[in-house]
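The next part holds the structures, each set out as structure tokens.
Two complexes are shown next, each including chain A; its partner changes from chain B in the first to chain C in the second.
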Partner chain A sequence: MKLRPLPASRLFWTGAAAFAVAMLLPLYASGYVLGLLTVAYYTAVFAMSWDLLFGFAGEVNFGPTFLIGVGAYTAGILDARLSPGISIYLCILAGAAAAVVAGVALALPALRVSGPYFGLTTLVAVLMLQNFIIVAADLTGGEIGLAVPDVITIDASANYWIAFCFMTVSGAILFGLSRSPIGLILQASGQDKVQAGALGFNVTKHKLVAFIVSAFFSGLAGALMVFYMGTASVGSFVDISVGVQIIIAAVLGGRRTVIGAAMGAVFLIGMGELLRPLGELATLIVSVIALCVILYFPDGFVGMLRGGARA
Partner chain B sequence: MTQGMSAPILEVTNLTKRYGGLVAVKNLSFSIAPGEILGLIGPNGSGKSTAMKSIMGVERPSAGSIKLDGVELAGLPSHQIARKGVGLVFQHSRPLARQTVLENIKVALLPDKLTHLFADKDTDGKARAIAARVGLAGVLDRKPATLAFADLRRLELAKAVARHPKLVLVDEPFAGLTASEVADFSQLIREFRVEGRAVLLVDHNVKSVSALVDRVLAMYLGEWIAEGAAADVMRDETVRRVYLGGALVSTARAESLFSDRTPVLQVENVGVCYGKARALQDVSLHVHEGEFVSLVGLNGAGKTTLFNAISGLMAYSGEIKWAGRPLRPGSPAQIARSGIVQCPETRELFGEMSVRENLDLGGNALGGEECARQLNWLFDLFPILKARQSQMARTLSGGEQQMLAIARALMMKPKLLILDEPTLGLAPVILETLSRALDRLRETTKITLLLGEQNVTFALPHADRVYVLDHARIVWEGPPDRFEAEAAANYL
Partner chain C sequence: MLFWQILIDGFAISALYALGATGFTLIFGVSGVLNLSHGAIMVGAAVAAWAASSELGLGPYAGALVGVVTGVVLSFATYFLTVRPIQTSRKIAEAEKEIFILTATLLWGIIIQEAIAYLFTNNAKTVLPIVDGVVIVLGVRTPSNEIFTAFVCWFAIGLLWLLVNRTKRGKAVMAASMNPRGVTLLGIELSSIYLTVWAAYGLLAGTAGILLGMFLGVSSYSVGPLTASAFSIVVLGGLGSVSGSLIAAYVVGYLETATAYLVSPAYRTIPALLLLVVVMYLRPQGLFGRR
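Now for the complex of A and B:
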């Protein structure tokens, strides 16, 4: 027990070093690297939002891309239809709001069922959204994708800073929430909902709030990413494989840590890019690494930094 | 002790809980006064836990009324019932593993509010006071995983009292605790009485709670059967019949009749721990070749654990010998092939396969002709299975499933058959069929039987010798006809 401060500080120093590198990067790195990290930071927010639901509320949401997709497409469609009569910041906020509304509409029925059925419900929601986007091609751009007339900025460095600050602020809020009394009640509900109920906690209410918070940040991140990329497509925002990547990132980084999810996302996207010269092999290598970490370090990167052993 | 004069704080009237066609609790009525401790007892499946869960709102009552201080609780969700003043001390729980003991107690002190982003300043002091009260002061900064079993139970108690419940429900308060820990917990529960809280203790038998309770209510098959002072309930005819069965016609064969000098199965000083809970402690018993031995014990006494240890499914300390040789380190499959076959409590039938296929799988190791002979013999023993051959196993009735499970075990031609709670949940008429089958096995074959039962009525008539297992230890051994005189008090 006495040894705990040391690994904990190792985690702290690793975080501080990563933060410092991230601050200095725009001075040295190429626009290409910055662009890659911009996407990685938005993905980090997706993964952190997902961890709030899975790690704390104990609900496996197989459909993170449902929330992201609704946010991204709402923002994108508003801009495509109304530009230049509408501020893109309004579009972004509308995207986040739409994700929350869609999230509540999904969570209310889904939280009535428990265990694997919640996950399946969320999975079906993704498929429904995906099909809707393809069918309503007039509105959404369908399989070709939606071209958005405006972007926030075309400066790589500015985009990088926006994504970085957004990730930092979202991470701080989500982390703070996870450590607050609400986070504790969520964890208790996730682990043993019968007992949480017997202690006087309204389990459904708390899980619904977790879903709303998760939906808000997912939708906001999705909307911001649309105005970074200038397009929205099913393949980059909604497809199941995108969701799987987010889930792997969160688990890889360390369940129930919030911060770990961000680390996992940056790692996944970074590795994928580093290994790109290997072609198809790259995906395989990244998958094998992810598998090994999940099998041998169930607490993920954060668990490794804490010293491997479980508390 | 009983404050019979004061108005009851909890009034349960005609509580009924149905699961589909099964009536788990039927028209149960009782009340508890402030400062009174009521023991709700009954054997496994009697509905006592369901009654407790219905009061907490974990299960929704099908009918009836549950009033706390005159306020109707029936139908409310459990978090609202908790806020109205009911607390439940869980037997099994999953505390927050990454948080310390102190933080776990603080969680119980948090309000159910979403606006509450920071804990109140006095939460820490309150949590520490509760910890000191239940005896956790020394382990405040430890994680639950490092706690001793009794301390985990103390943590449950701490969480339940954090909300100052007017009514405390305690599920099996003393399960897995040592004698000195039982004394500590009894004292903590007595403090509830002093503070004027009403307490409902749910347990298997009168004995375990008799020192603590003001009154006992006994249940059987979902219904009220007796109520009163512990001593009176223990003397009650119906209670004695439920726990001990009626007059016994014993056909036991004396142990001296068995010719083998060394018993075929010797269990010597066996101990098993589940994490921190001690499931078996220094258990020794023996079975002679051809002998029928019953191991009697209530749910949770450790019967299944012992059988699993014999079958090689579980690590244990001590020694288990079969035909004079240690069974360890044989794998479960090797042990089964050596002639020890367990028919588990859960039956473990292949539900999606036919009766015949289940039996054929049991006789897999036998040659074709031998298999057919064994099958004929079993169809003779359980004629109903012959008629049901092509039916899927999961569509059989409970009794037929039990017969199939026994028949499948017998297809393996065991030398020792371990039968774990064959009567669980079965109607009396089925028990007679099983009884006759066991009698035939005893009279016409050389098979050795080790029968685990909590149903004494079923266990005694088939036994040459009886062991009583209580809280992980063997507490009595003897012939069945001496059971009522010597061991019954232990069992009630």
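Now for the complex of A and C:
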């Protein structure tokens, strides 16, 4: 794939327009819409981190929620246990750090294998975490969920800004990384591992870096989201269906683009909400749309905006 | 007493796992497709059997027939709506087809799951069992249905074995799993082999789904766990190895049953997951993988 110069016409202007709308939104939109977008922006960070690992390194990671869950629950448990005596920012940092440790612990066995085996190892990690949370109910709140005593703020537009800035900054970092030599080596190793190795690149080392970066942002986003929602539960952070949504968002938006992942996440959450009056049918319709996009526009939203001019 | 109980219950559960995983591994072995809508197809067949037998009052036999047909229809739908368009697509790079098939079958599974939830609600459904009553086996009160399940599972697996090893068509399927190009050179249409495999898969997954529905009951929530457990069993046994999957199904089935009886039902799946991690670490190709 040839990398285009950044202001790639249509894509660039759409992005700029979306950015402008997002900046102006808190002035006009209701608290409800802002709350929805706050969640969408955190999900966007999950999807972007996943894209770095999968889109570039070419590994099917079914376990994004393992990293997110570890980050979210570490931050949540620390706060719930030590509430007045600990700053929530310390909890958030601890959550991100724990996610990085978990990422390394998962990467060491997982990177020995590839393809479906890698996918399964990451899937098992999620299932184990889910089991652990349910069994260790005293610590984690089990199936009911963990109530966190503190939140960052209850102001809807402040929360919106935090999520938006966080998404922009982490998106910029992830995008920069993907365009850096590290990103190119990852992409090369994703396309042909043996050849990339033969050129003298340490494939495993670069994949480990991708894993750590992905884990850091997933964990950080998870921890921030806990302090936005005020609770942590298996259903909202760890469950496989959450991971599936992240994967679909990234593929829908367009793999290997980082920005596409964010678009996919906002689209998925927005559509899910728009169609909510239809009840059970909402997820069905969103899934059908996503399936059609994947089948007919394999490059996702970003590919559509580029106008299919790709070679 | 407890020992026999674990032995008998575990045998039936494991047979069910084995049947579910066989179809999954067959598809992978022949066409390299990991079908993540597996659980949805099983549940779809079970719910169709439930609707036909209980709601429409057609009785257990007609219900089971409707279920099996639904399984085959869903299997073909999976192939024609998601797998084949991707395999023949020119827009998708060859190296990326695997992930596209994974994502598309995953989405397809969600679509089936949501359609079931919409049409038949999320409630758990128990398919009308074909055999009723309880028998005493080795001093253990066992539902006849459990014995029936184990019997049908092994009968279906035996039929599959006969099909693959004793018929011309089956041998062609076997050959295609070893070397697709060689099979085409012998003048056998590869796409018709795929159709055979997907039909067999639909029969196996459908039967497994209905038996599960009679034995434990299903709901649209079981879709994800069912796919995950088939995936783990198949990888544990070695992707593409049918005998490996059968053995792995028994290992997982007995581990789960023993844990449920001896420790606590809450810990049921944990030892199997731990075993899976250890196997992935020490022997990534699975217990009987041929990679």
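Basically, the second predicted complex is superposed on the first by the 303 of 311 C-alpha atoms of A that agree within 3 Å, B and C clash if a C-alpha of one lies under 4 Å from a C-alpha of the other, contacts with A are read in each partner's own complex, and residues count from 1 in each chain.
In the analysis below, a residue touches a chain if its C-beta (ideal position, glycine included) is under 8 Å from a C-beta of that chain, and two chains touch if they have at least 3 such contacts.
Only a predicted model underlies this, so the values are computations on that prediction, with no experimental measurement involved.
Superposition note: with chain A as the common reference, chain B and chain C are in steric clash. Once the two complexes are laid over each other on the shared chain, residue contacts for A:23 go to neither chain B nor chain C.
Within the superposed three-chain model, A:60 lies in touch with chain C and out of touch with chain B [touch as defined at top].
Shared-chain residue A:206: touches chain B; no touch with chain C. Applying the stated contact rule after C-alpha superposition, one finds that A:274 touches neither chain B nor chain C.
Within the superposed three-chain model, A:295 lies in touch with chain C and out of touch with chain B [touch as defined at top]. When both complexes are overlaid on chain A, the residue A:191 reaches chain B and chain C alike.
In the superposition on chain A, contact of A:181 is made with chain B only, not with chain C. Ranking chain B and chain C by residues of chain A touched puts C first.
Using the contact criterion defined above for the overlaid structures, shared-chain residue A:109 touches chain C, although it does not reach chain B.
Overlay on chain A, chain B versus chain C, candidates 112-120, 202-210, 292-300 or 346-354: the clashing stretch is 346-354.
Of the residues of chain A, those at positions 191 touch chain B in one of the two structures and chain C in the other.
Note for the complex: chain A touches chain B at residues 1, 176-177, 180-182, 184-185, 187-188, 191-192, 194-203, 205-206, 209, 256, 310-311.
Residues of chain B that touch chain A in their complex: 56-58, 77-79, 82-83, 87-88, 90, 93-94, 96-99, 103, 106-108, 110, 112, 114, 116-119, 141-143, 145, 159, 162-163. Across the complex, chain A meets chain C through its residues 54, 58, 60, 109, 112-113, 115-117, 119-121, 123-124, 127-128, 131, 134-135, 191, 240-241, 244, 247-248, 251, 255, 279-281, 283-284, 287-288, 290-291, 294-295, 297-299. Interface of chain C with chain A (complex): residues 34, 82, 85-86, 89, 91-92, 95-96, 98-100, 102-104, 106-108, 110-111, 114-115, 117-118, 224, 228, 231-232, 235, 239, 266-267, 269-270, 273-274, 276-277, 280-281, 284-285.
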